[in-house]
Amino acid sequence: MSGLLCVRGVSKSFRGLKAVSDASFTIPEGSINALIGPNGAGKTTIFNMVAGVFPPDAGKIEFLGKEIQGLRPDQVCAAGIGRTFQIVKPFAGLSVLDNVMVGGFLRETSTRAARRLSLDILEKLGLGPRRDLPASSLTLPDRKRLEVARALATRPRLLLLDEVMAGLLPTECDLMVEVFRGLNRTDGLTILLIEHVMRAVMALAQHIGVLHHGEVIARGTPEEIVRDPAVLECYLGEETEV
Amino acid sequence: MSFDLVANVVIAGVLTGLVYGLMALGLSVIFGVVRVVNFAHGEMMTIAMYATTVLFAALKLDPFVCILPVAAAFFVFGYAMQAGLVNPFITRPEHSQFMLLVAVAIIMVNSLLMIFGPDARNVQVDYQLESFEVGRILIDKARLYSAGAAVVAALGLFAFFKYSLTGKAIRACADNYMGARVVGLHVKKLYALTFGLGSICVAVAGCAMVLLVDVTPALGPYYTLLAFVIVIVGGLGSMGGALLGGVLIGVSEALAGLFIAPSAKSMFSFGLLILVLLFRPQGLLGKKS
Amino acid sequence: MNKLVSLSVLFLLLILLPWFVGSYALSVATLILYFAYTGQAWNVMMGFAGQLSLGHAVYVGIGGYAAGALFYHYGVGPWAGLWLAMLLCVALGLVIGFLAFRFGISGVYFALLTIAFAEFTRIGFDHLDWLGGPGGMFLKVAQRDSIDLLNFRGPPAMYYYAILALTAGAFALCFLLLKSRAGYYWQAIRENEEAAQALGINTFRWKMLAVAISSAMTAVSGVFFAFYYNNLFPEQIFHISRSIEIILGPIIGGIGTLFGPILGAVVLTLLSDGITEGLAAMGWEIPGIKQVFYGVVLLAVIMFLPNGIWPFISKKLRL
């Protein structure tokens, strides 16, 4: 099983409650993947294990052929995985540009190079004109873009997006979808997103994994997933945003 | 080193420790509920001690009689301080609140220095020289009375928090600020009330302590640190922990003074603080947060 | 450009100062610079790494005693003693930092931890007779007319230039650090440690670096103190009032800013000395009034200008 990211038989319990149970999936390079499922299905737990927030109780996580389970978040980032947070965490006292530069310093050591890289990324995400504003003054959609820009500055091979569409209007959501499509197309960025907003999932994802009660119950393309009986059963009664 | 000597010292340590415990209880209540680090706690205690010496010198009032007026005054002062000074700061970053009280502490200590000078003051009553004999053990009368006052005050506070409606309301605020507001509790007023109650503890402890030690302005910072050591060792948010911690510190201070050197007694307390912060930050009786 | 010009003018004035003023004013200027330098050193830990140290006097004390003891017992000059001072202080700082960061102690608890270390050291040194015990350690004061650079003895102007050089050096160092990767990382850690980690920052290592730099700088402060005042008492140098004095300048001037500690030191020392002198002129000598003044200023700044005087002024003056 080769791919950019391989999650194999990963489990995690919290105080006796099994949050993730023997989950496995592979993310091929250059693809956009989504992890969906009802609340409490274990998506964020898997996410956090990949990102190094806590280690799995069992199983392996391989990235670019190397095992990364149990590494610290900063080590995971250095290995090439960037992530955003569900509740955005901007460096409020710093400017937009400075925020991204913090990310940029991972791969660039000189201030000038980090600045150049950051300006490029800000342009790409449409935040160029706001680069000298304090991060605290941005609107929510812009904060989300800033979060993405910052993660991109670390030059990741894989970008983890944690419910990045939450709280966005449908039009804003479509704009974000375009941004990610562009990054995937032109830079070959691999993306794994956790998402509840089906509009975005259907528009973006080439592969989808469905979690329910900590287990992967279905895998496939959007068309396959929408017709999968197990998925329909677990989603019956679930509100989907269209 | 006879057994009697050690026993006497330990008992004295326990009794003094109960007074420390009451002082720390005040801090625990303030810190536990309002989440404010009252860095002026020891200074307030010192003010109470000075107030007692003044009342004693002017009106010949026994320190235990002084408890009533001093406690009442402190309640008002504590309430006012929370309402006027601290409440507006609740939303500010932690180190801001902290420095606010550091500033108050500095002003307090040095005002005392300006008013009373650096020399030690005390209160002289007859029963300070008397003791009870229990077998071969000698228990200082003054120390016993002081510890008794501390225990009575502590029990009063326990009862208040357990049985009264206001007490339960305060506990609710401590558990859940937002929730308390949502159900209509006037949280800021309750915070002020809590600070007032904590101040009463300090007042009673101060009146009691003045029979046991001479008071100088330098006691202020010393008692502040001691209160924090006790609260952290005993466990934040645990009232029983504050008393237990107080007794522990009182005994260890007494023993350190006996076996090592009187000047080294607080070294032990600070060492204990460091160990507790590292290995059991929730304290002996506290809850893991 | 404006800033650079005004800075250069200021620096020039400071260099020429000893020619203009008398010995008392010079000693006040030396004191101001001492607090500016030490405050800047503390600022690295607080303003950059976000860790509130309320026991910073411990580094001044250990630095001072280290260099002082070498001079007192072995006649070794302060240029060598400097290295021992820095070594010991960095070691202590790293121990405190390690204990705090590994065990997740921060905020108020970290402050209490630093206080506990300082108090523990203070009482401990009271019992170390080899270092003079509570009676203190006194360094030989040579003739003040000739300059003995090797042993750092000389006229008051020499000390003034030394602390001026230190302060300027500290300023330059902090300026360069702030603009560098270290500065960005420290600010990120201070703003949101979790987000910083997700960007590849090993927050533990960087926090330790800030602690090491801060404690090394403060050690130098201690060495200066020892050879300027020539006497060291545990009760004095490790006392919590010293720690609070150190932080007053940066807090009043503005934590995390470059000019904050310097401005704060100037404001505090000038005003407080003004008050004591004014009172003395009227025939009053009131112990404690200077500290009450400090407390009131601190209170006022925290309530009305929480970010310090410098950010307020620089905005008003459009600097």
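For clarity, chains are labelled A, B and C in written order, and residue numbers in each chain start from 1.
Note that in this section a residue touches a chain if its C-beta (ideal position, glycine included) is under 8 Å from a C-beta of that chain, and two chains touch if they have at least 3 such contacts.
It should be emphasised that the depicted structure is a prediction, and the values quoted were computed from it without experimental measurement.
**Student:** Which label fits the chain touch graph of this model best, line, ring, star, complete or other?
**Tutor:** line
**Student:** If we define chain centres by averaging CA atoms, which chain lands farthest from chain C? Would you check?
**Tutor:** A
**Student:** Between chain B and chain C, tell me the centre distance in angstrom, where each centre is the average of that chain's C-alpha atoms.
**Tutor:** Distance between chain centres: 32 Å.
**Student:** Based only on mean CA positions, could you tell me how far chain A sits from chain B in angstrom?
**Tutor:** Going by mean C-alpha positions, chain A sits 51 Å from chain B.
**Student:** Could you work out how far the Cα centre of chain A sits from that of chain C, in whole Å?
**Tutor:** Here chain A and chain C have centroids separated by 45 Å.
**Student:** Could you check chain C for residues that touch two or more other chains and list them?
**Tutor:** If we look for residues of chain C contacting two or more partner chains, we find none.
**Student:** For chain C, which residues are in contact with chain A within the complex?
**Tutor:** Per the touch definition, chain C meets chain A at residues 179-181, 184-185, 187-188, 191-192, 194-203.
**Student:** Taking the complex as given, what residues does chain A use to touch chain C?
**Tutor:** 51, 72-75, 77-78, 82-83, 85, 89-94, 98, 101-103, 105-106, 109, 111, 114, 150-151, 153-154
**Student:** Could you please specify the touching residues of chain B with respect to chain C in the complex?
**Tutor:** Chain B reaches chain C through residues 37, 92, 94-96, 98-100, 102-107, 109-114, 117-118, 217, 221, 225, 228-229, 232, 261, 263-264, 266-267, 270-271, 273-274, 277-279, 281.
**Student:** Within the complex, which stretch of chain C touches chain B?
**Tutor:** So the residues of chain C touching chain B come out as 52, 99, 103, 105, 107-109, 111-113, 115-117, 119-120, 123-124, 126-127, 240-241, 244, 251, 286-292, 294-296, 298-299, 302-303, 306.
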